[in-house]
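Note that chain A is present in both complexes that follow, paired respectively with chain B and with chain C.
After this line comes the complex of A and B, so read on.
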C-alpha cells in the first residue's frame, strides 16, 4: 500500500495505482483525452499532466503510478497552464465545426476545453485539412479525420479488444490521422466500438448521422436480447422514435463495448413488416380480429382439438423473459396438463438434459470475470467469436496481460484463435469424444489417484487409434490439451450450445471435470449460449424433464422433436409456439412443415409473420424487447432487468400478458397483473432466485445462487446416467461419400442472430444475404475465391450462395448461417441423421471436384 | 505480384526478427526494390506473408519518408538539405541538379530516368554537401562532380 498526498489530502491506495485513479479516489478530477481505462496506456495527449512535488517536469498521471510518500498537485498554477496549453495544441488543428458535428454536446474535447481550456488562441496558421467531405468507411462508420486528435483509442480498441485490427495511424507528425488501410471500405466486425470510444466527432455512426443532439434523447438501460452474453445497453429515442443504442462504461459486463447486433440491430422494432393485431385463419387466410375474439377462438379451438385424447404441446423461445417462460410452462403443465414443452427446436431434448446436468447449472451462476480468472481456458462447442462477440472481446482483452493458456476446439476457424495458445480443428459433433480423449489421457497418467473416478470405464472406448477417425484431431493435440490442464491449478471449461445439436456425447465432460477435481484442480464450467435467455428457459422449467429450478425428472413429456414426430402422426391436437420459428429451425425443414399441417390447432405468437406463423390457425402479436418488462438470465446465470421503454405497437401485447390471458380464458384463476407479481412467484418456485430483488436489479444484475432442490444436492444429480459413447453414429460420422464431400454445419453469424436481426436494416446492409464459408484449401481446389457464387447441393435441397473463405477452418466442412429466410438451411437436414453431407459447385464450372479431408 | 525470390527473401527475414511486425520495414524495402515504389499490392502481399493486417503495413509505409509512395525514376537522387549540407551549399546543389535535369524537386524526368528529392540529414554531415542516388552516397559535391556523376548515368 502507498500513502500519498494529493492536493494536500492524504489517501492510501494499492501499490501501482495510477496517479489519475488515486486522485479520482481522493475526489479530484483530472481531465484526460487519450487515456482509456480498459486499453493499453499511450500517454500521448498530455492533458492529464500533474505536478509531483520535488520533480521538475510535469508527469502524465494516466501512466505514472503513485509511490509511497509522493505529493501530487493537480491544480497548481503550472499544471493549469500546461493543461491549457496541451488543449490549445489539440485545438490548433481542430476544425471547430461543432455546429455540424454529430458529437456536439457529448464531445470530450468540447467538455475539456470548456472546463480547463484556453479562452483564446494565438495560432494563426492554416489548419491541416485532409479532405473536404466526410467519407464513408463502412456500412456503420462515417469519418471526418480533420477532427481526429490522434488519441488512438479507436486503433487500440479495434486491435486489443475487438481483435479486428483494421484501423491504424497513417502519416506522421501534424499530418497523422487514424483511418483504414488506404482509407478503404472496412471489412471488419462492424461493432462500432471505435465510434463509441472516439472522444470527438471523427468516427461517427452512419445510422445516427444528423439525427439528434444528445440532450434531446431519452433513454433506457436494458439488456441485449441477441445472445447469451447478456450485454447492458442503452436504447435512446427522440420523440418516441428509437435512434440509437449505446453502451455505458459503468454498465454491465460489457462495459462500453457492444457487437454489431447489439449496437445496430434495433430497427426491427419499427419495421413495417411487424404484424400488430391478432389474426384468425378464416377460409385459408389470416384475418385481423380483436383480442377477445382471438382468445375465444383459442378457448374453443383448444377444447375441440384436444378431443379424443389428442396431445398438446408448447415450444417457447429462449429469447422470452423469465416471467414469460415461467408462465408458459405453468400454463402448459397446469392448465393444459402436459409436459410436452421445450425451448426452441434445434436441439436434442436428451442432450439438453445431460448438458444442464453436466454443466452443473443447478450449482448457480458464475461471473464471466471469475471464469476468466484461470490458468487454462478451454473453449469447445461454440463459434464464440461469431455467436457471442462480447464474450470473445472480454477473453481477448483480459488475456492480453495475463498468463492464461487459451485452447479452442471448433470445426471453424475463429477470430479468437489469434489469442489462443492452441487451436484444435475437429470434425463436427466430435466434442464429446474430444473431451473424452482429454479425460482418457489424464486418467492414464494418474491411474493411482483416479481409482475412484466415476465413469472411467467409458474411457475404454477411446484410444490413440480411434481418436483421429472419431474427431479428425490427432492424439498428440489431445495430449497437449491434457498437458495444459494438468499443469494448471485452475481450469475453466467453456462449452457452447453446439454440443446440443445432436445426441450428446457431452457426458464425458463430467468425467473430465471429476478427474481434474480429484487431482485437486479448481474447475469451473462455463456455458455459452446463442439465445439470450436460454439459461432462464431451463431454470424456469421449459423442458419436458426439467421442472422449475432444475428439478430433473424422467417423465413421458415430449421435447420439440417428440412433439413434431407426434404431430406428423396426427397425434397432436394443439400446439402453442411462442417466439420461435420452428419451420425454419427444426433440422429437417420438409418434415416439420408436413408435421405442422397435421396439427389440428396451431397457435403462434411472435412479432413477425414467420414461416411458422404463416401456417397457424391463430397468430398473436407479441412485443419487442423495448416494449415489455421482465428479467433475463444470461449464460453466466446473471439475472438482468429488461425495461419497458415504449408501448407495444398497435394491438401487440407483452408476451407474458398474452400467455396470462390465454390461461385466464381457460381457467379464470390464472391471473397475473404484473411482471413483479410473476417474479415473486418465481422466487417461491425456483430457490435459486430467492435472493434476487426484482426492483433492486441494477446494471450489474445479480447472479443466481445454487441450492439443493427436493433433497438433491447441488451439482450433478444422483442417478444421472453417464452415456459417453460413440455408438450412435450419425451421418456426419460415416465414411465420406465422394459424391458429397462436405459436412454442412450451421449456426448464427456475427451480424445475425436468430431471425429478428434480418429485419434490422443496418444489419441487413452489413450482410444482406446468406453466405457459405469454407476452408481456404478446399476453395482453392475448386478454384473458388471469396465472393464467388457457388451452389451448395445436398440430397434434398440446394442453394446458391456467395463464398466466404476461412483460412483456419477444418477441411471438408462448410458453414451456412441459419438466419436467412430465403436460404432455409434446415431444408438440407434429414431428421435423425445428423449433419448433412453436401457438395459445392462453383457456378462457373460444371464439374464437381470438391475434396474432403483424407 | 512479388517475384518468387522476393517472397523467399521476406520469408527468410522473418527468421531474423523476434516478431512479424518487426519484419515490416526490411520487407518494405524489398517491395520498393521490386516495384520501384511501395504499391498497394505490395503492402497487401507483405501483410499476407507476415500474417498481419494491411493497415499494420500501411502505417509504417506512410510514417517513414524513405519509402516512396509514388513511382520514382530509375535513379532516385536524394539531396540532403539539412543543416550541415545547407551551410555548405545544398541549395546550390539542388539548383544545379534541377537545371541539368530540367525538373524541379519532387519531379521525374519525362524519360523516367531521374527523380529529384530534397531530404533530411542522411548522416554524412562530415562530407557535406552530399546526395544519395539509389543506394549509394556521393559526397563533397561540386558542380563539376555532379556533371561527371550524371554523365555516368546517362
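After this line comes the complex of A and C, so read on.
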C-alpha cells in the first residue's frame, strides 16, 4: 500500500498503481490520448503529464507508478501549460475537419481540447496531408489517415488482443508516420476493434459511415446472441433504424472488444427477407393468416396429428432466451405430455447428458477470468478462434503478461496457436483419445497415487503404439501435454462442443480431470459453446433427460436424433421447432428432409423462412434479439439481460409470447403476461437462479450459483454411469478410403454463426460465399492455391467452393463452414457414420484462367 | 386645495368657442391629404426588402462552383433551441457538395422556429443563412415544412442585394396562398 498526496488530497492505493489511476480514483481528471487500460503502455502522447513535487521533469502519469509519500500535482501552472502545448502539437497536423468527420461528437481529441487545450494556435504552416480522399481498408473499415494522431492504440489492440497484427506503422518519424494495414486485408478479423479504440476519426466504420451523429442515437445495452461467449453490446438506432453496434469499455467480460458477428451482424433485423405474418400451408403453399387463425389451426392440427398414439416432439434453439426455453419445455412436458424435446440437432443426446454431468454444470458457473487464472490452459474440442472470438481475444490478452501455458488441441490451425505453448493437431473426432492419452501418461507416472481413479480401466485401450493411428498425433506430444499438466498447480480445461458429437470423448475428459484432482491439482472445467444460450437451454431443461435445474432422469424421452429417427418411420404426429433449422443442421441433410416429410403436422417458429420452415404446415414469425426481453446464460454460467429496444416487425411476436399463446390455446391456464413473471417461475424451478434479480441484472450479469451440492470437483452426480467405450468406438470410426482421402469437418466461420448471420449484409460482404479450408501442403500437392475454385465431392453430395489455405491445419482434413445456404454441408453427412470422407478436385486445371486473385 | 384649478380664463373660453384645437388638428390632416404619400403600399404595389442582417426563412447555399456547402454535420440541428431542424447526412461521391458528405435530408419545421439564428451561427461552412423571405403565413401546416431542395433553390432576393429599400411589387394569389413578387429594378428609400 502506498499513501500519496494528489493535489493536496491524501489517498492510499495499492503499490504499483499508476498515478493516472490513483488520480482518477481521487476524483481528478487527467487527459490521456495514447493510454488504454487494457493495452500495453506506450506513453507517446504526453498529454497526461503531471508534476511530482521534488522532480524537475514532468512525468507521464499513464506509465509512472505511485510511490509511498509521493506528492503529485495535476493542475499546477506548469502542468497546465505543458499539457496544453502537447495538445497543441497533436492539433498542429490535425485537419480539424470535424464537420465531416464521423467521430465528431464522440471524439476524444475534441473533448480533451475543449477541456484542457489551447484556444488558439501559433502554427501557420500547411498541415500534413497523406491522402485527399478517405480510403477503404476492408468491408468494414474506412480510413482517413490525415486525422491519425499516432497513438497506436489500433496497432496494439490488433496485435495484443485480436492477434491479427494487420495494422502497423509504415515509415517512421514525426512527419511521415502513417498507421495503416501492413498485411493483406484477408488476415484481418474484421472485428472493428481498431475502430472502437481509435480516439479520433482516423479508423471509421464503413456501415456507419455518414449515417448520424452520436447525439441522435438511442441505444440499449444488451447481450450478443451469436455465440456462447456472451458479450455485452450496445445497439444504437436513430428513429428506430438500427445504425450500429458498439462495445463499451466498462461493460461486460468483453469490455471494448467485439467480433465481426457481434459488431456488424445486426442488419438481418431489418432484412426484407424476414417473414412477419403467421402462415398456414393451404394447398401446397404457405399463405399469410391472422394470429387467431394460425393458433386455431395449430390446436386442430395437433389434435388431429396426435391421433392413433403418434408421438409429439419439440426442438428449440440454443439461441432462445431462458424464459422461452423454460416455457417451451413446460409446454412440451406439461401440455403435450412428452419428454421428446431437445435443443439443437447436431449432437448426441447421451453425450449432452454426460457432458453436463462431467462439466458439473449444476455446480454453478465460473467466470472466464477465474478460469483463465491458471498455470496451464488446455483447449480442446473447439475452433475457439472462430467459434468464440472474444474468448480467444481474452485468452490472448490475459496470457500476454503472465506465465500461463496454453495448449491447444484441434484439427484446424487456429489463430490462438500463436499464443500457445504447444499446439496439437489431431484427427477429427479424436478428442477422446487425446484426452485419454494424456490421462494414460499421467496415470502411468503416478500409479500409486491414482489407485482409486474411476474409469482407469478404459485407459487400457490406449497405448503408445495405437495413439498415432487413433489421433494422428505422436506419443511425445501427448507426453509433453501431460508434462505441462503435471508441473502445473492449477489447470483449466476448456472444452468445446465438438466433444458432443459422440459420447466417448466425455468420459476421457472425466478421467483426466479426476486424475489431476486426485494429484491435488486445482482443475477447472470451462465449457465453450457456439450457441449463445446453449447452457441456458440445458439449465431450463430442454433435453429429454434433463429437467429444469439439472435434475437428471432416465426416461423414454427422445432427443433430436431420436425424434428425427421416429419421424422417418412415420411415428411422429406433431413436431414443434423453434428457432432451429434442423434441415440445415442435422448431420445428414437428405435423411432429415425425408423424415420431416413424414411428420403429419410440423410447426416452425423462426424469423426467416429457413429450409425447415419451408417444409412446415404452420410457420410463426418470431422476434429478433432486439425485439424481445429475456435472459441468456452464457458458457460461463453468467446470466445476462436481453433488452427489448424496438417493436417486432409486422405481426411478429416475441417467441415467449408465441409459446405462451400456443399453450393457452390448448390449455387456458397456461398464461404468462411478462418475461419477469416467467423468470420468477424459473427461480422456483431452477435453484441455481434463485439468487438472481431479474431487474437488477446490469452489464456484468450474474453468475449462477451451484445448487448446494458443492463446488466443482465434488464428483459426478450419483447414479450417473459412463458409457462403455466399445459401443461408441465402432460408431465413430470410419474406415479410410483411398478414393476419398479427406475427412470433412464443419463448424461456424469466424464471420458467421448459424444461418442468421448470412442475412446481415455487412457479414455477407466480408464472406459472401462458402469456402473450403485445407492444409497448405495438401493444397500444394493438388496444385491448388488460395482463391482457386475446387470441387469437393463426397459419396452423396458435391459442391464447388473457393479454396482457403490454413497453414497450420492437420493434413487430410478439409473444413467447410456450416453457414451457407447454397452449400448445405450437412448433405455430405450420412447418419451414424461420423465425419464424411471427401475428395477435392481442383477446377483450375479445367479452366486455366479461372484462378482467383488470391 | 387650490380653487384656481377650476377657473377658466377668457383666452381658453374663446378657444373653445371657436374650436381652435379642432381646426388646427384638421388642418394637419388636410395638409397630409395633399402631401407626398409615405405609407408602404404593401402587399399590392410595394414591398420592403430587409437588410442582409434580417433573419427570415432559412437558405442553404452553394459555393462559387455551385457545390452544396452543407456537409450534413448536424450542428445546426444540435444548436437549435426549439429542435425544429432535422439533418440526415449521407455519402456522396459525385461531387455535388464541397465534401463527400452531404445532407441527405435537411428539413425545418418553421412552426417551431423562433428565428433566433443560432443555427446560422453554428454552421461551419456558411451553408446555412437566414434569408430575407418573411411571407411565411399559409393555410396548411404542411407548408411550414421546408426541405433541402426548396431551401437550396435560387432566392427571390439575391444575396448580393443590399436591401433596406422598398421595391415595386405585385400581389399574386394562387391555390397555395398569397405571394408578393418584388421587382428589384424599381426601388425607393422610405425616408
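The definition used in the following text is that the second predicted complex is superposed on the first by the 811 of 854 C-alpha atoms of A that agree within 3 Å, B and C clash if a C-alpha of one lies under 4 Å from a C-alpha of the other, contacts with A are read in each partner's own complex, and residues count from 1 in each chain.
The definition used in the following text is that contacts are C-beta pairs under 8 Å (C-beta built on N, C-alpha and C of every residue); 3 or more make two chains touch, one makes a residue touch a chain.
Keep in mind that this is a model prediction, so the values were computed, not measured.
Novice: Taking the superposition on A as described, I'd like to know which of chain B and chain C A:182 touches: first, second, both or neither.
Specialist: Only chain B; A:182 stays clear of chain C.
Novice: So, does A:169 touch the first partner chain B, the second partner chain C, both, or neither?
Specialist: Touch partner of A:169: chain B, not chain C.
Novice: Just checking: does A:698 make contact with chain B only, chain C only, both, or neither of them? Give me first, second, both or neither.
Specialist: In the superposition, A:698 contacts neither chain B nor chain C.
Novice: Between chain B (first) and chain C (second), which, if any, makes contact with A:133: first, second, both or neither?
Specialist: second
Novice: Intersection of chain A residues contacting chain B with those contacting chain C?
Specialist: No residue sits in both footprints.
Novice: Under the stated contact criterion, what part of chain A meets chain B in this complex?
Specialist: The contact residues of chain A facing chain B are 165-172, 180-182.
Novice: Note which residues of chain C are touching chain A in the complex, please.
Specialist: 71-75, 78, 88-91, 99-101, 124-125
Novice: State the interface residues of chain A toward chain C in the complex, per the touch definition above.
Specialist: Per the stated touch rule, the residues are 97-100, 104, 133-134, 209-213, 215-216.
Novice: Can you check the complex and tell me which residues of chain B touch chain A?
Specialist: Residues 40, 43, 53-56, 58-59, 62-63.
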